[in-house]
Amino acid sequence: MSKKSYRQAINEALAQEMRRDPTVIVMGEDNAGGMGAPGDDDAWGGVLGVTKGLMPEFGRDRVLDTPITESAFIGAAVGAAATGLRPVAELMFVDFLGVCFDQIFNQAAKFRYMFGGKAVTPVVIRTMYGAGFRAASQHSQCLYPIFTHIPGLKVVVPSSAYEAKGLLIQSIRDNDPVIFLEHKVLYDEIEEVPDEPYTIPFGEANLTREGDHVTIVALGRMVGFANRAADALQKEGITCTVVDPRTTSPLDEDTIIESVENTGRLVVVDEASPRCGMAADISALVAQNAFKALKAPIRMVTPPHTPVPFAPQLEDAYIPTPEKIADAVRHVMA
Amino acid sequence: MSKKSYRQAINEALAQEMRRDPTVIVMGEDNAGGMGAPGDDDAWGGVLGVTKGLMPEFGRDRVLDTPITESAFIGAAVGAAATGLRPVAELMFVDFLGVCFDQIFNQAAKFRYMFGGKAVTPVVIRTMYGAGFRAASQHSQCLYPIFTHIPGLKVVVPSSAYEAKGLLIQSIRDNDPVIFLEHKVLYDEIEEVPDEPYTIPFGEANLTREGDHVTIVALGRMVGFANRAADALQKEGITCTVVDPRTTSPLDEDTIIESVENTGRLVVVDEASPRCGMAADISALVAQNAFKALKAPIRMVTPPHTPVPFAPQLEDAYIPTPEKIADAVRHVMA
Amino acid sequence: MQLNREELLQSYRTMCTIREFEERVHSEFSEGGIPGFVHLYAGEEASAVGVCSHLDDRDNIASTHRGHGHCIAKGCDVNGMMAEIFGRGDGLCGGKGGSMHIADLSKGMMGANGIVGGGPPLICGAALTAKTLKTGGVAVAFVGDGASNQGTTLESYNLAKVWNLPAIFVVEDNGYAESTASVWAVAGDQSKRAAAFGMPSYELDGNDFFAIHQAAGEAVERARGGGGPSLIHVKLTRYFGHFEGDAMTYRQAGEIEVARRERDPLRFFRQRVTEAGVLEAHQLDEIESEVKRLIDQSVVLSKAAPPPTPERLLTDVYVSY
Amino acid sequence: MQLNREELLQSYRTMCTIREFEERVHSEFSEGGIPGFVHLYAGEEASAVGVCSHLDDRDNIASTHRGHGHCIAKGCDVNGMMAEIFGRGDGLCGGKGGSMHIADLSKGMMGANGIVGGGPPLICGAALTAKTLKTGGVAVAFVGDGASNQGTTLESYNLAKVWNLPAIFVVEDNGYAESTASVWAVAGDQSKRAAAFGMPSYELDGNDFFAIHQAAGEAVERARGGGGPSLIHVKLTRYFGHFEGDAMTYRQAGEIEVARRERDPLRFFRQRVTEAGVLEAHQLDEIESEVKRLIDQSVVLSKAAPPPTPERLLTDVYVSY
């Protein structure tokens, strides 16, 4: 056990799995960096340094830099997975899915079904998401509702360093295509993380706290925000259960429903766009399956239906905050 | 007024708008067809003949065939729209969005916002969707929840020939990027359609029937199914309001909420995949905003979370049916 | 690359199997027994067989919507294929894929593909597996003239070269992408495209099995030896419409008849081997009759087979969920 | 193509403006005043200006993440640009776009772009508009060496040629895509790629304004005259990191210093025009001082300007909704 950042936890998960299993390879733009360039060889480790140090240990044959051709190399990861490797491919920002989505949603996701159960495609696509970096509309999206919509994909949204390590190791060992979403603002957040490898199963939500009055379901970076909101509400005598589903597909429906059955109230917090988003998905689940338990309307806390703006003041107003979450809880308590 | 098929209604809308406005152009794979080939010139009119006859009237400069390069030509439509044309581009099957999605969701959808309100991008992307053709996993998807998720896009899902004509003319005259989704199984369905041009505004739902007990919200091909279910239920003394939202973005939230406030019960029917889909989106809207009116759990009728299978028996089991809709209504009435 | 008698007989048998399979699917489709979209490969047999006769189970191919020929050439079970096309539960994909999604990964057949340009990136991946695990395998992407313009295909040329992959791209240029002529839609030319990405290439008559076999042999040898990717451009004719039901008004009247009469790859093969005295006509005739029986039987079996059981709707989405 | 004195002075002024703008953004960024990702164009000025000096308001360009130079060369307001980069309400995009999304459609500047390869398809569209409406306009896509591999770019070459569009593709090859060298990532070569799609091309020293101006003039003339697309490949050096904050460990020590000393496009220009006696050094010096004042002022204005008002979060998503 030692303090590790979210970035380090991910890096360690990759390194440990690569040591364990020679079929695990890593690829992406500048994942080592410096390919063909006169300076350092392991120059980058991806644009935010997450894969740094892997190439010196595992070599260029297992840590591959790529040209900027996401269709070709994400597709190559898919094809390699279907033929015997366990590639972990980095789609730098999830916002870039538009240039390679076919290989993910029509190929990787559907092979097993279309081929009558005969294909196994253990590919992991690591990708950065989320607002807060002043990176504007094309580098700040969440987009995991799109992956969640697609049958055949698994979708993982780790909320902390501990979660990231265990979920990434699980992702690599999993035999289905997995989209692993890393919130760029969390990379430097630090917590105690075991040094040895461990897995966190998919589809098992984590109750980060338990309370009596309201169930808050939150994802990724929003889990921390929900807990901050719950801290503040506690002083007002409102206690909350905060559910981190960890994976949006599979989704731990039972834990969510059970919690709402206990509290009778639901607030869903998500940083993704609201329409056909995760907040709606979870709200609908509860409205269909735990309606009788509900004492108040469900409340969703999401950004507005707008692209992510650049100016810091606007971006801060865009992202859900602990204050907005607390307000929503107060609203369902009223 | 005369009987027209859904296909003819769309074709007529295109022709009338092209006559009215010389900046309207049409493009897509084989939209005329026969380009460079020794036989007929207007050989195809798109793969299911929807644009047939336009090229002979408007010429090759306004009805453009394209190579099979969706990124390039959908992007070209977007770029042309931003510089003064009103292109109607055909993405043959919506399933192909994966090879061109960036130009739609990061370019067209975001220009206006990113550029501080200075861009106008009046592009229409016509595309075929839906199951029922035994066309298997990569040619049968709905996928409009993905477009609906994206701020900046408008999304239109016409449920009949009359709707198709009015909504397409509106789409072409609209100044925002519009995704216009044509259900391939509806092309040969016939109804009375005015001969003259008319528009149907976006964000105004259509009540195809009114009843007291249950609100059924249904989209596209499912509108007809919902009405068949309502016919059957009527015999059991259950009367339904069937709401066709017509556009999923903007969504006529008020009409949906108002109807649920009247009936107290909601069934949402959608042919799209269930997770983060339209059924969830509409259910969540109601669970947040009309909760007090609800007398029973909301019920969603969708396909399962699987790709679309090929075998007719499986595909028929995949698609929601009038029977399944009626069952859901009975369930919320119980 | 010399072929012995056994190999020649085998090649002819495979080409005949494809031809007969497709002719039969054509007639069964028009009788209404086959659901969905079906794209036939008849007329293009020399390409699939000329290339795949160099491949074994280490090697992978990715195919297109027009995939039956590639499947048969790569060793997929013909009964399983026919049953799949009929949508039967014992089809090669359990009836869940259909004509556009036939695959058999155990044979290195990574799937027909409903997405134009879907295959080349996958093939980069299969080639990467071969290179990484040092299996000695190669990977082949078949693409049409239409697919040769798709960004996914062009990107794959670059990636295959940059990563020095044992990959081969076979551009099957049948003159049309749906109703659009390749002379119009393909700017420049295929060999120059290969050269532009630093790949050696071949321009071949796609009716000439021997030319294709020779070039593919070189390309496969180069790939296996670590020499990187190649491109093979073959010009050929499809004997049926783009899909079954296509009225083909964009084609020249008599175009197919002329091709069948003058450039049939099967007849071309027969002529070459009999004229050279390597095989005798009756040997080839026997193969044809055998193949006919085989395909007849596959249709009989498929028609008799039951559809998938209803619970199969929900299986095979994930390995575990 | 001869340039008169006025044009030469104007070209130098634009190049200086870009250089000074970028140097200033660099120092302001390191002081912490500028949010987000910023990619600087310093060192590449001759390309933007050499090309854009042939363009007017009929003409459109699409730029990249490294867009400031293209914006300035196409006539975007420098104060508006600086304010945008600082995230101010009076920025060219109201503070909603930032460095990666500066656009001014009224000037034919269709946007910097956060997506590598995002621009070329758009430019096919702008060229199509020009062709359809017979405006006489042309459209130019600037792409990096990294972007030159992207499928969207390669598809656009084909579409531009097939549709015979008045389009020009300028590949700005600064040797790197992020930390990856173009000699590694770009298989084959750029001119052969152009040839592979049937386009004429130019291979140029990107520090030589005059060579670029000459070639771009030809390409623009060809496009305006209905002669279709061209490709211009320029080799140049970026003087800063991939983005601000990049430690550039992948580069050769001293690489930038050498380039600045030996191949600076501004110095190159100065030398040529003064040696030829067309302009005098003091004229150029004056321009430099003027530009410095202009940029100084833009920074002062930007710093003083207020952020966007909160309600702007919700505006500009649609024209109407």
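For clarity, chains are labelled A, B, C and D in written order, and residue numbers in each chain start from 1.
Definition applied: contacts are C-beta pairs under 8 Å (C-beta built on N, C-alpha and C of every residue); 3 or more make two chains touch, one makes a residue touch a chain.
The chain lineup, named per UniProt: A, B = Acetoin catabolism protein AcoB; C, D = Dehydrogenase E1 component.
Quick caveat: nothing in here was measured; it's all calculated off a predicted structure.
Peer 1: If we look at subunit A and subunit B, which chains touch each of them?
Peer 2: Where subunit A and subunit B share a partner, that partner set is C, D.
Peer 1: Which one of the chains is farthest from subunit B, going by Cα centres?
Peer 2: It is D whose centre lies farthest from that of subunit B.
Peer 1: So the centre of each chain is just the mean of its C-alpha atoms; given that, what is the distance between subunit B and subunit D (Dehydrogenase E1 component) in Å?
Peer 2: Roughly 39 Å, centre to centre.
Peer 1: If you average the CA atoms of subunit A and of subunit D (Dehydrogenase E1 component), how far apart do the two points sit, in angstrom?
Peer 2: 35
Peer 1: For subunit C (Dehydrogenase E1 component) and subunit D (Dehydrogenase E1 component), what's the span in angstrom between their mean Cα positions?
Peer 2: 45
Peer 1: Any chance you could list the residues of subunit C (Dehydrogenase E1 component) touching two or more other chains?
Peer 2: 93, 95-97, 101, 113-115, 149-152, 155, 158, 162, 184-186, 317 - these are the residues of subunit C (Dehydrogenase E1 component) that touch more than one other chain.
Peer 1: Give the residues of subunit B that touch two or more other chains, as numbers and ranges in rising order.
Peer 2: In subunit B, residues 67, 69, 71-72, 95-96, 98-99, 102-103, 106, 113-114, 136-138, 151-152, 304-307, 309-310 touch at least two other chains, as defined above.
Peer 1: Report the topology of the inter-chain touch graph, choosing from line, ring, star, complete and other.
Peer 2: complete
Peer 1: Going by the contact rule at the top, pick out the subunit A residues touching subunit B in the complex.
Peer 2: 71, 95-106, 109-110, 113-114, 136-138, 145-146, 148-152, 248-249, 251, 272-273, 275-281, 283-289, 291-292, 294, 296-300, 304-307, 309-310
Peer 1: Per the contact definition, I'd like the list of subunit D (Dehydrogenase E1 component) residues that touch subunit B in the complex.
Peer 2: Residue positions touching the partner: 60, 62, 91-97, 101, 103-106, 110-111, 113-115, 118, 120-126, 128-130, 132-133, 139, 151-152, 155-156, 158-159, 162-163, 315-321.
Peer 1: Please give the residue numbers of subunit D (Dehydrogenase E1 component) that touch subunit C (Dehydrogenase E1 component) in the complex, ascending.
Peer 2: Residues in contact with subunit C (Dehydrogenase E1 component): 149-152, 154-155, 157-158, 161-162, 184-189, 192-193, 195-199.
Peer 1: In the complex formed with subunit A, which residues of subunit D (Dehydrogenase E1 component) make contact?
Peer 2: Those in contact with subunit A are residues 35-37, 87-89, 93, 95-98, 100-101, 113-117, 146-147, 149-152, 176-186, 248-253, 255, 307-308, 310, 312-314, 317.
Peer 1: Sort out for me which residues of subunit A touch subunit C (Dehydrogenase E1 component) in the complex.
Peer 2: Checking each residue of subunit A against subunit C (Dehydrogenase E1 component) gives 23, 25, 61-62, 64, 66-67, 69, 71-85, 87, 102-103, 106-107, 111-120, 151-152, 154, 174-176, 203, 250.
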